[in-house]
Every structure is written in C-alpha cells, then in structure tokens.
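Let me give you the structure first, and then I'll get to my questions.
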Amino acid sequence: MAKSKQKPIPPISGTKVPRFAGPSTFARLPELRDVPGCDVAVLGIPFDAGTSYRPGARFGPQAIRQASRHLRTQFHPAYDTEPFTTLQAADAGDVTCNPFSIQEAIGQIETAATELLSEVNAIVSLGGDHTIALPLLRAVNHHFGQVALVHFDAHLDTWDTYFGAPYTHGTPFRRAAEEKLFRDDASMHVGIRGPLYSRQDLVDDRELGFKVVHCDEFEAEGVDAVVARIRERVGNHPMYLSIDIDVLDPAHAPGTGTPEAAGMTSRELFNVLRGLAGLRLVSADIVEVAPAYDHAELTSLAGATLAFEIINMLVRSPEIARKR
Amino acid sequence: MAKSKQKPIPPISGTKVPRFAGPSTFARLPELRDVPGCDVAVLGIPFDAGTSYRPGARFGPQAIRQASRHLRTQFHPAYDTEPFTTLQAADAGDVTCNPFSIQEAIGQIETAATELLSEVNAIVSLGGDHTIALPLLRAVNHHFGQVALVHFDAHLDTWDTYFGAPYTHGTPFRRAAEEKLFRDDASMHVGIRGPLYSRQDLVDDRELGFKVVHCDEFEAEGVDAVVARIRERVGNHPMYLSIDIDVLDPAHAPGTGTPEAAGMTSRELFNVLRGLAGLRLVSADIVEVAPAYDHAELTSLAGATLAFEIINMLVRSPEIARKR
Amino acid sequence: MAKSKQKPIPPISGTKVPRFAGPSTFARLPELRDVPGCDVAVLGIPFDAGTSYRPGARFGPQAIRQASRHLRTQFHPAYDTEPFTTLQAADAGDVTCNPFSIQEAIGQIETAATELLSEVNAIVSLGGDHTIALPLLRAVNHHFGQVALVHFDAHLDTWDTYFGAPYTHGTPFRRAAEEKLFRDDASMHVGIRGPLYSRQDLVDDRELGFKVVHCDEFEAEGVDAVVARIRERVGNHPMYLSIDIDVLDPAHAPGTGTPEAAGMTSRELFNVLRGLAGLRLVSADIVEVAPAYDHAELTSLAGATLAFEIINMLVRSPEIARKR
Amino acid sequence: MAKSKQKPIPPISGTKVPRFAGPSTFARLPELRDVPGCDVAVLGIPFDAGTSYRPGARFGPQAIRQASRHLRTQFHPAYDTEPFTTLQAADAGDVTCNPFSIQEAIGQIETAATELLSEVNAIVSLGGDHTIALPLLRAVNHHFGQVALVHFDAHLDTWDTYFGAPYTHGTPFRRAAEEKLFRDDASMHVGIRGPLYSRQDLVDDRELGFKVVHCDEFEAEGVDAVVARIRERVGNHPMYLSIDIDVLDPAHAPGTGTPEAAGMTSRELFNVLRGLAGLRLVSADIVEVAPAYDHAELTSLAGATLAFEIINMLVRSPEIARKR
Amino acid sequence: MAKSKQKPIPPISGTKVPRFAGPSTFARLPELRDVPGCDVAVLGIPFDAGTSYRPGARFGPQAIRQASRHLRTQFHPAYDTEPFTTLQAADAGDVTCNPFSIQEAIGQIETAATELLSEVNAIVSLGGDHTIALPLLRAVNHHFGQVALVHFDAHLDTWDTYFGAPYTHGTPFRRAAEEKLFRDDASMHVGIRGPLYSRQDLVDDRELGFKVVHCDEFEAEGVDAVVARIRERVGNHPMYLSIDIDVLDPAHAPGTGTPEAAGMTSRELFNVLRGLAGLRLVSADIVEVAPAYDHAELTSLAGATLAFEIINMLVRSPEIARKR
Amino acid sequence: MAKSKQKPIPPISGTKVPRFAGPSTFARLPELRDVPGCDVAVLGIPFDAGTSYRPGARFGPQAIRQASRHLRTQFHPAYDTEPFTTLQAADAGDVTCNPFSIQEAIGQIETAATELLSEVNAIVSLGGDHTIALPLLRAVNHHFGQVALVHFDAHLDTWDTYFGAPYTHGTPFRRAAEEKLFRDDASMHVGIRGPLYSRQDLVDDRELGFKVVHCDEFEAEGVDAVVARIRERVGNHPMYLSIDIDVLDPAHAPGTGTPEAAGMTSRELFNVLRGLAGLRLVSADIVEVAPAYDHAELTSLAGATLAFEIINMLVRSPEIARKR
C-alpha cells in the first residue's frame, strides 16, 4: 500500500471519549481497514505453543491493547514527536495461528507479516511467545534484507532444541542465524542475565553473530554507555528490535513465562530505546506478556508503553521517514 | 433500520479463529456498522459515577466482552435455538458518557439507546452501574410503552436519594416509577435479600408497583415455583429485564460493587431465565460487573453468559420474532 | 454495667456519611467507651498462634470490621428487627493477646471476656483462630453456667493434642468438655464433613456430649429439618454459638486456614441461624477468617454478615431481651 | 508388581509432621520406589498443549499435590474406609511428556500408564488437560478391556478436530470411540451444560455411545436420581472415571481452562461419587486444574479431595479388592 | 487550638499491643478528640469522583491507615527525630464528602481543612484522588498565604477540563493557579514522565508557574542534584507537598488509578524528601492510592511510610517547630 | 559423611524433563538419601511461630522449591562455576518443628542442623521466619566456631523481647550475641532502613558487635563500595550469611511478613553477593518468604535464585573447596 498522502486519522481522543470506553484497538487507533494507507501497523500474534514454562502469552495481544487505553499519545516529549499526526498508524488485528501446530503457526505468521509489510512500512508485533520472532524476521528479511537485530531479553534464545523440537521460544535466533536473517556483524543481546545451560552457550552464541550487553552493566556503567555500545554496533544498518518483556525485572514485569530476577527497570529500558532514536528501525516485536501472571496491568502496561515508544522511534527512523 | 432480510452474519467461529484471537466485540459478533440490518444490538455503557461503595463498573463492558470469548454460540440446547443464524446480532460499541456528570451521562445514555432502538429491535446493555437502568427504561418506554419490569437484584434500588443525589445506582426504579416507565401491575424484584435501610423500604417499594421474590424462596420453594410466579405477574406484557449481577451470590459474582451474602447460584438464575422463555422480552440490561474485584473472569463470564442467555430469550420472544 | 435506659446510640448512617468513610468500628457502631450502657459488645480477638495449617486469622477482626461497612443495619426483615434502635451495641475493640504464648493469650482472652460480660449482656467475638473458643466458653460459663453449645464447623475440633500441645485450634471443645463448660445433653456440631484422623474420632466426640449434623444432610434433608433437630437438642437452655467460617464451602469462604470442600452455602447457614431465632442465645464467636487467602472480601463479608445476623438473633433472644 | 502382602506403608501423619512440612508427594504418601508393592498409584501428567483456551494445566499435578497436604486421610466416614491401611497407595511421580508435540506426548503417556498398570492395580491420574484421557483409556483398555466410561465434564469432549488437529482436549472421547476403548452401552457424560457448536453435537455424541446427565438435572431431580441413572447404565462393567474439574461451577473451580457457569457444587459431585461406591472402578483421571487461574487453592483442593474420594472408591471397588 | 504544652500522647506501642491489634487510626495514634492539643493532624479524604481512569481511591485512607500498622514510629534515624514525643499528632478521621457531587465535595473538603487548620498546625491529608489538592490548597492558602508547591507526580495535573468538567483529578493545579493559591516563582513538579496530550502542555504549565524535574533526571543526575534544584527553587517560602503515589513506578505502587511506567523508586522518593528536611513545610497530601489494584499492601504501605516521612519533615520544619 | 569422591549426581535436566514436571526438591536436585556423599545440603525449615506481623513463612520452603524449577543450573557465568558437577548438592527435606512451641522448635532445628553438618559441609537453609537463625548459628558455631555474620535485612533483629518473649523473629541476633555465636569484630547488617523502636537501638546493636550498611548507601555509593566494606570487615574469618528476604524492596519481595519500603533491588543484592565470592562462606539461610502475600512467584523466585547464588558462592568458598 502506498502510504497515505492524507492527514492521518488519529486515535480516539481521551478528552472526547473516556479512555475506558470506545474501541479495543491498540491505543484506540483506527483499524487497518479504516485507513486509506498505513505507515505503521500494530499486529497481534496470539500464539504460545512454543513456551517451555508458564504458558499464557496467547492472551498477550488483548492484554496489551487493553492496557494501551492508559496511553496519552498526542505528544511525546522524549522524542519530540506527535506520532499519530505525523504518520498513519493502525491496528491490523490478530494473525490467526494454529495453537496445536508450531510449524503451521510459524508459516501463518510468516505469510501474514510478509503480506502486511507489502501494505505498510513497519510492523510493531505484539506476542505471543518468542517463537514468533523467527517468522517475523523472515518477513522482515524478505522486505529489508539482513537486519541488525537488537534483542532485549534475560535469555539468549539461541539454544538448539528442546525435547527435539527445533521451533520453540528458546530457539528462534539460532534458527534465524542458520537462515541468515540478520547481520552477524551488527546484532546484540541486551539485558542477558542469570545462569545458563552450559558454558558453551555463550561461545555458541558469539559464533552466531551476537555481542552481549549483560544486565549488570546497567548497574555498573549506566544507560548511556550501553546506548553508545549498541549504536556503534548497529551503525547505519536497518535495525529490528525484538523485546522479550522478561528483560525487565520481575518486579516490573511479573506477567511473563520465564521471569529472571535482577533485571532492568522500565526506566532503564525506555531510556535505552530513546537513546536509539534516529537509527534505521524497520520493525519490532514485543513478546512474552502472559497476563495470567500479571497484576494490576503492570506487565501489559509496560508492553503497551513499549509499543508506543517504538512507534515514536519509527517516527524518528530515517527508513520510515523516507517512505512517509 | 429495517431488519435485514439477508442471512445473518454470524460471529467468528472458534473452529476457524482461536477464541483468544480476533475481534473484541461481544461473542466476536460483527460490529453494528458491518451488518446491513440488525435485530439485537449489544451495547456497552461504561459508567459508574452513581456507585455508592466499590466503584469500577466502568470497566464492565470490556470485561464482559473479553469473557464472552469463552462462549460457544451456535446452538443452545436449553432454548433449542441457533440464535445467530436466526437473527442478526451485532455489537454497537459503547455509549460515550461523561464520567464527571451523572445528569449529563443519563442524557447521553437515553439519547443513544433511543436512537439505537430506532435501528434495531432489541438492546442488551452491558453496564456500568445500575444508574443506567433509568435512561434505558426511558428509551424502552419511548419505543414500547410501559413494560413489565423484572428486576433481578440483591437490593431494591428504589431508594429516594443518597446525600441528596436523586440519580444514583440505588435509586433508578424510584425515578422510573415516578416517570411511570414501567407497569405497576406487572413488575417484580427477584433475589432480594439482606437488611434494609428502614422497615418502610418494603412498604414504599410495594407502592411503587413491585412484588418481591426473596432470595430465600429459592431455597424453600425451588426454581419452578419462582418461575411460575414471575410468569403470572408479567403475563403478556412487553417485558424488560434488568439484572444486577449482585443477585448472584458473591461466590458466583465477587466482582461487583455491593456484594450481598446468601444469594442465588448462577444455575438458579439461568434456570429462571430459561423458565421465562417465550415471554415478550423487548430488551435487557446486565449491570454492576466491577472487574477490579473479579477473579479468573468469574463475574464477567457470568455476565457474558447471561447476555447470551438473554439473546436466546429474545429469539424466543414473540415481540422480537414478529419483527424479524 | 447496667444496661442503658437511654435511646441507643446507633451506627453512623450510610445516608449521612458514605460507607467507605468514617469510623472503623464494626458496622460503624459507637465505641464501647462512648455509650452510657451496652447490651451487645462486638469484640475483636486477633490471635492465631493455635493454627495448624494456613495462619493469618490474626487479621480477621480488622478485615471483618472493614467488610462490615457493606452492611445496611437499620431493619432486618428476616428477623423483623431494628436491632440498633432496640438495643445498644458497641465495638469493644480488640483483646490484647500475646502472639508468642498460647497459654498467656488464653488467659488474657478469658480475663477480658469475663470482665466485659460484667459490663454488657452479650458478646459477639470476632476471631482469631478457634483456640479462642475455650477462654470465651470459660467466660460465658462464668456468667451463664453450662450452655448448649452449637458449633458450626467443617471439623469436630475435639481432638486431644497436636505435637503435644493441648491448646490449639483443633482442640478447644475437648478442653471445654473436660472443664464441663457446656451441656453434654444439648450440644451439637453442624456442618461436619470430610475425612477424619481416626474411626475413633466420632466415638470420642459423642462421648464428649455432641450430636452431629453432617453437612450432607443439607443436601439430603434441607434446612428446615436441620433447624428442627437443633432446636430440639438445644431446647430452653442458654445457647452459645461458635461459628468456624470454614463451615461454609471454600467457594463461599476461601479466606480461612483449613478449608474443606463440599460445605454449606452462606444461604443455608443464614437460614439455619434464622431458624434458631427465639432461642436463648447468650453470646457467640465467629472464627478462622484469614484475610490473606480471601478475595474481594468474600470471606470477611460473610463473617461480618454473620455477626450482624447474630446481633439480630440476640435481639430476639429471651435471655437478652429480659435484661434490656 | 504383585501386590504387597505386607502392612501398607501409610502417609506421613499430620500429628507427627506438620502438614506444611515433609514430602511433596500426593497426601504425603510414600514414593512408588519406596513401597514393596502397590495397589493404587497416583500419577502426575503435566501436559497442556492440547488446550484451546486458557492454558496452564501443566502445573496441575504439582498444585494438586500441594493442596493434598490439607487432607486428613486416616478414616473416611462417607465410605467407612481406612484407605491407607487397607491398600498400599503411592505416588508414582510425573510422566515426562514432550510439551511441543501432542502426538509424542500421547505416546509417552500411553507407554507410561500401560507399564504402570503392570505394576499396580489402579491409577489415579492428575492432569494436565483432557487430551490425556485418550492414552489413559488406551492403557486401561489394554489391561481391562472395554470399560464403562463415566465422564464428568461441562463439555462433551467428543468433537472431531480443532484447526485440523485430531488430538486436543476437546476430542479425546471421539478418538476413544473410534478406537473402541470404552463400551458404547454403558458410558455417560455427567454435568454437561451450556451451548454447543452445533445442533448435531448431541446426535453425534449419542452415536458414539453416550447418555447425558445434564447439569440442570441436579437442580431438578437431585443427586440420588442421578446416581441411580449412572448405576443402572454402568452395571457390573469395569468402570473408568474421567473428571474434568470444570464439571464444577466456576465458583467452586475457577482455576481451569474453559470454565462454564451454572455447574455442579463440590458437595453434589462428592455425593454422586459416594453413590457410585461399590461399582467396579478400575482407574480414574482428574484433569484441567489450571493453577494460574486458581485462588486460595480452591480448585486444587477440590482436585486433591476428588483424588482422595476416588482412592476410597477404589477401596470399595470389587475389582481392586479382589486383587489386594 | 493552642498547641498542647503537655507531653504528647504517643501511639500505642507495638511492644505492648501487637501491631495487628488495637485502634485503626493512622499509626495507632490517638484520635483528635482524645488529645488536649494537636500539632499535626492526619486527615482522611475518601473521595474519588474526579478520577478519569481506574477509580477506587475512596478506599485509600482506610488502606493507608491499615498499612500504617507496619510502622515503627519511635525514632527515625534519617531525620534524627522522635516525632511522637516531640509533637502531638492525632488522627482527625475522615472528611465526609458527597460522592455524587464533585463541587459539593470540594466545598466540604475546603471547609473541613480550613477549620482543622484553626485547631492544628499542620495537616497530612490521605486521599482520595488528586481533585482534593485544590480545596486543600485553598485551606492552606487561607492560613499561610501563597505557598511553594512541590508536586510529586507522573503527570502535570494542570490540564484545563475533561469533558467540560473543570474540577477533576487532572486539573487541580490549573484551578489553583487561576486562584493564585501557590507561588509561581517557587513551585515545581517532580517525577513527570510519559507522553502528553499536546506539545502545548509544557508551555501552558510553565506559564502557570512550574518548573519540572523529569523522572529521567533521577537516572541521569541522581537524587542529590534534584534535591539541590528543589531547595533552590523553594527557598525560604512556606512549602506544601502534594504527592501523587503514581510518581512511584508501577512496580512500587501498582494500586493507583493512572499508573505510568518508568517511574521513581520509593528509595529515591524518600531520599528526596529527606533532602528537603529543614524547609518550611506547612502541610501535605498523599493521593491516588487505589487499594483494589494493590497487592500485599505494596502501595498503601508506600503511602503510609510517606505520611510518616512527612510527619518527620514537619518535626524538622521551622514553621511547625516555631508553633510547638 | 565424608564427601563423595564420585562424580556428583546432578539435578534433573530441563532439556530431558520439562521443568514443570519431575521431583519437587530444590532445583530438582537428588534427595540427600540418594547421594553417596554430600557437600551442600538445602534444608527446609517451615516454622513461623516467631512472626510479629504477617505470618505464613511456614510455607516458604515449599514455595522456594517450587520456584526453583525456574532455575537453569548448569553454568553460572557470574561465578564462572558449574556448581552441580563440581560439588554434590542435595535436598535434605524439612526439619520437623513444633508449630505450637517456639522453644521446642528451636531445639529441633538446632539438633537437626548440627547433625546435618556432621554429614555435609554446608547448609543452605530455607525459612521459615528469622527465629530460625539462632539455632542455625548454634549449629554452625558448633562446627566452625565463631563466624563472621553478614546479615542482610531491613531490620536489625537485635531487639530484646516482644511481649516478654525472648525468642522471636525480631530477636535472634541479640540471643546469638549473648551466646557469643558470632564474632563481634567481623559482623555486619546490610540493607538496614526505616524507623526504629528507639534511638537506643543502634547503640545497643553496635555494642553487640555489628557495623551497619544502611540501604541508602546503595543509592549514594553504589554496590562496589559496599562490597569493599563488607570484605574488609569479614576478612578471612569463616562467614555465615543470613538473608531476610525483606532486605529487598517490597516491589521485589512483596511476599514477606514485615515489608519495608525503599529497599534493595534484587540486582543490587545479587551483585553484592557476587562481590563476596571467594570469602570463607560456611553456610547460609534465606528467611521470611511468606507465599500468601506473594504474586506470580516474585518473592519465592528471588529466594530460589538467592539460594542458587549462595551455592555458587560455596563452590568458590575456600572453606568448602578444601573439603571437597
């Protein structure tokens, strides 16, 4: 879809319709079918059959949309953006994924995302477990070639198989590396912490093309140093963000499948993202929000706010700006 | 809107799209704007400024819609109905109500419901606190004249004022009686229990035109006897149902503003409703679902199932059948 | 204290001060120090060191008082009473009990209750775990002699010792029987269910002077038959009620220390109590509300409503009426 | 394994080790490896990849074992049994199931259960979602031939496929019928309620060999009438019980994947089971306990108590008594 | 009321009465009516009709008082104070506010606070939603003239109207500025973060007389730098603190109406307050604690601890010390 | 028990048995009875009768074990250790403690721990309330002489008595000092914060031999400075760690008995521990996890991860390495 030349259709305003009323789309944006052209689509991917411990991320997209009612979206001072008057965003609904077949679901996601990227300039995907990053990277690779993958997570997610299963929420980036979907000279994990399955894990991971920002580095060096490292590594390549909500400390994101103590605060995470503004972000996903373990929308609100931060990053992305 | 002569557009099927995915409308029905004509509209009324104790029913419509994903809706054996192939139902979205002005909100609801009843044959309203029953009865009265009001509730809701306020969730039926919106020879409270503000309460209530089925009568006489009493009282008049979820025992509906111990089971309530099938039901409301006090969707699922029961009653209502 | 000849000081009215505001006394009654004479005192006993499984009943009195804000207390149609204009009720605060010494706490409770019964005509005690029934029975025995004990509970609570400890929440009625605090020809357990520590349990229990109404009898025979059995057994003796909240089904009272499936509904329990109106009730306790396991005040509201039911029973008790 | 001729090794006593301490086996029974022979094994099957809505039954076995600490197990007055001195029971641990392959998991369960039934006389399986009933029925069929299947559930679970998947928690009894694992002249569903996918559902179900006790029959006819119907249908055939915890009302079992309003109380369910004592019960499963949606162990305690009821039924089963 | 020359009556000691027992006043302080004179009154203002999203702050005062039982209050090392032997503090109960009329409630609060400030030297108000800051500032202005307003919040709360309503929890400081209740050369917002309704918001806000400490400055500059900025801005003016609990990160204060990710830790907030010790604090409020969304008293404990911190600041305030 | 010369038996691998299945031991380690020799034993001490406010730590050991299923344990990069192939660890089950006699329970714990330390080289104890630190220190003192005690806690726990009780969770280190169980020249409290019972508290505490790292020092000086202070104080003495989970901020550990705002993050705590690697750690306890107040395993996961961190510290401890 060629981008719309018209003035974007904005979300329903919270000053006209109370935020607890009105449409259940992300940030009360219009549905994709209701806009003449779309720059950024928010896409739900309710799939969690790849989960190794606490399941329930299938309810993530709904919970994040519900929490997104909290957002005031007109002006973001940290990015100096008015995103929804600058570009057209819309909610593209949910991908239909077979909950009983990981393989079929991966195919459904890849197809849906690839087709959607023919219509829109960027996707912000709401998971769903981390398995979905693989088909999303395939779709992104199809449209943008190899990307710099910046992966926020407590865990590497580059393991080989679980119980013989090659496609799970612990293995997407191993598969993606094998399929050469991302650049091995420009990709990073950020927020990694905790013990591993083997001393070999970090070695293998490095060979797949990742550098690691360990979570403790935030304690030791602060946000700015981390931002500088990421910017240097990513450079001018098209960048894809994959954010596992468990990169946040369980205090900030209890509603997830494999929480890991000693994580990032949401303030640190948002400040890192803001530090990456201006890079060539092309699309992103936010995964592993499992509402059954959430409390008072803590985790889903973090997810919703992250999605909105990313939309503001997209406003500032040269890649997206060029196509507007 | 003249009713559609076309085959109704059904909800999204749970065998094609997982129930945790897809649209957030009630029972995943089409939106009102997407159907050529509509028999029954589900209408959210997210308003709770009339609440005297635990607020939060403003989040009721969303929570009931979310819980309605649980429903299998093709065939209801208790009514022997296939509701969504028999009539066209649709989700009419939410009424925009001013949360800071009870009076203005009542006007907004009355207007919205009156207009909607010009388009559709019946409304199932999802509250919101019980204040909303007043403007809904006004709208119903406008279209159907005086109705037999069957009111399921732990409380009479015929008090005069609270702190001088005439319009609250404890007073709608006093105001409605003053406005002569319902028949004083055919109306009932069902499920009343617990202590009262005064010995006079029951006297006053009787003078407003109500008979009472006390909740203990279910224990003593059983469902069938109660059904018979209601049917006899209502007779062949057009009937409006107003169901405060707190008619259920707190064990069945913890998520409400003024729970009252020793209530009905959901099985009793559903059986009463089924016993009323065939009466001239014209519209209904389900109110006082306050999700912040709910657990595991217990209350919102009860609310969603009630809404679906009522839709099946509407299929069996001569009033609605006649207009299909 | 001679009972007051004055018009009773009533609770704060919910029509003048919102129920979520104002004093934290039971039902917003006056404090004991603020009334010139008192018929019925509500007494908190925050003690739970006798608990064998889930502790936390120490927070019971506060939680019940908080939930009692829900109550409308002017007129109770089931008893045809206006309790707080008929007798003077007041909140006597909490007994100070040593949480680290069961023996010392029992002494403190006995002393406090005995003294209080010199001032007032009846006590409704809010536990606390069931250990407190022993010192309360001592105090009642001191003032009223041997009482007919009607004990609502899932469990017999007539075991001998746990880990050598004679005073626990599983043993109060064994000790009370040894001390001959209640009549062995007029006492009953109601609501007993579930497996036992030994086949001998029921034999021993019978020898202590109890008859048993098993919980299943409500399913099989209904409330009225049970009421008749209790009334016959109690006769014209002064009656003491000890109500373990776990007599209710866990669906109705999750917030308790040793829940037992397949229990009574609150409607059944209230109807039994109403059936006992007119008997010579002299005092009562409600125990084992453990708020940490409660949800949405389900259990504490049941406790508060029970306390209010009992106050109405006291209005109807010849024993108390005589002294007013 | 030949049954032990020795005196059974009982569970740890709650009078010697506090129930909140000690082993995490079911009811603090010995592990299977620690008994010389075993009559009844409790087997965990932590599998939930066949779930269509709220997942999480993979945590069911652990939660039920934890809740089983509540049980007093020496003497059950309703069955007049001292189960753990009459037969040897033990906890057989968990079956290892592949969470990423339904087919492989079904094979693993079938193998494990078939082997275990060579060692022990009966299995009480703790799910897991209802998918597991299929391999369990295969194993039971292998040892006992076609059984009378008595299936307690809100739902029929005889649907054909979901999204093309033949093996899910909604389809086990269709597959079992195709494989002729149960008798089509002696099987029943009990507790069915709610709407269906199609008018054809009940027809199809009947052709597979089921009679239905609808949940409303408990309201209308009472427990005894239902018990009589089941006993007549089952007759003297070996009987297998499959109990989906959602047969209970959501108020009694919120912690499950597809709750359905208007269900059975736990008191009704236990009384039905007690009514079936003396039939030739050979094994049983309890499925769909999803702890993430539970509160205060309500659901897992119901599950644990059910398992203990079933063990008492097994003591009374001629089939098991014969082999002791 | 002239301040008492007597030795202050202290709270009930936790070494004499267990903290889970005894009066429900703030920190178990005496009631105002029980002290001969009072320096600092704690005042509950249970009002939330001005809430735009999640309501429930009407239960804030009770929840904060309940959580205040946790406090040990004899000696505060960070302030080097023994507050309750230095000044007389007391609990003044709750203001009665009409929940159905924002305007009437504002008048009731203004009157109550103005009268109370004639009796006592300072008030620590417990909200309630942020609407209450307006009448509190009016009362403070009446007694102290224009104050330096230091406002801790995630949000500016200087918006003009919502749905035409001028008095809501998002507008108090706009109204207060119009009424010139605070100094426009000495006031600040601290902890502001997140997106805004418009680019104009910050401009308007500045014109009303505020400087802003953005929440990210804590990450970048640390607590001491922020303290220095506030001290410089406030100078020697009488200071009023208004603390919206949502200034804390949702991880620290989930129980609030409009949580905003990426907030302050409670450690940062307390350290800022301690840094302000010695300034001329005259009164303060703590608002927006909404217990229905809280967990394990996390938010209400933060509120209670804040209130106690403020009382210690008042001990150190020259303004209050002078009047003691 | 002489340490095993054999290759250690490791935990069940999460790649072979899903982490939600299999044994309920800590980290799915073997039981003590199943290993030929043991270096480090994990010991549950389910005792909470010494609790002054919110009870429930009796359920701590089970909850921590359950949360320990989350752990991946093969390789810990922060310690560069493969703990379970380096030393033999095992789960020693629970100490049986009398819940009704603090004195008897203390004796039972002392005996059990002393005997266990004859068999194994170190114990990681899982509480239970902090009372248990006294008997554990006695046992450690018996085997290792006076230790350097490093105590992480929000509170000093060196008070004298509560209600006359000398042995409670607020007094263990006063008693331990009196019994000279730890070195008065090498011991510290870390994380202390909040108000105190008296100005004298800190003086008394100092005289007992403690230095204090106040929690605010983490804000002001950072982790490294604190680590340096502890290392200098402890020196080369055998070190015992006693960690009250309430040293963490309530946001990180809501599930505890006496939460205190403004605490440490889990990241800070883990980094301090890692900074202490290489010191002569001999044993440790983790206490005050009270699951009834936890959410989504936040607190129990922190406890489980702490226990695993400590096991890694023990691998690095010269004291333990020497004995391997």
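In this document, chain identifiers A, B, C, D, E and F correspond to the written order of the chains, with residue numbering beginning at 1 in each.
Here is the rule we use: contacts are C-beta pairs under 8 Å (C-beta built on N, C-alpha and C of every residue); 3 or more make two chains touch, one makes a residue touch a chain.
Owing to the predicted nature of the structure, the values given are computational and were not obtained by experimental measurement.
Chains making contact with subunit B as well as with subunit D: A, C. Under the contact definition, subunit C and subunit D share the contacting chains B, F. Of the two chain pairs examined here, A-B and E-F, it is E-F that is joined by more C-beta pairs in contact. Centroids built from CA atoms put subunit C at 38 Å from subunit B.
In terms of their C-alpha centroids, the spacing between subunit A and subunit C amounts to 56 Å.
Across the assembly, subunit C contributes 18, 20, 52, 58-59, 99, 162-163, 249, 251, 265, 293, 295 as residues in contact with two or more other chains.
Looking at which chains touch one another, you get A-B, A-D, A-E, A-F, B-C, B-D, B-E, C-D, C-E, C-F, D-F, E-F. Contact residues on subunit F toward subunit C in their complex (touch as defined above): 48-52, 54-56, 58-59, 98-102, 162-165, 167-168, 292-293.
Residue ranges on subunit A touching subunit B, taken from their complex, read 16-18, 20-24, 44, 46, 58-59, 61-62, 65-66, 93-97, 99. Those residues of subunit E whose C-beta lies close enough to touch subunit A in the complex are 52-53, 162-163, 194-199, 201-202, 215-216, 218-219, 249-251, 254-255, 258-263, 265, 293-295.
In the complex of the two chains, the subunit B residues touching subunit D come out as 14-15, 18-20, 69-78, 82, 223, 249, 251-252, 265-271, 295-298, 301-302, 305, 308.
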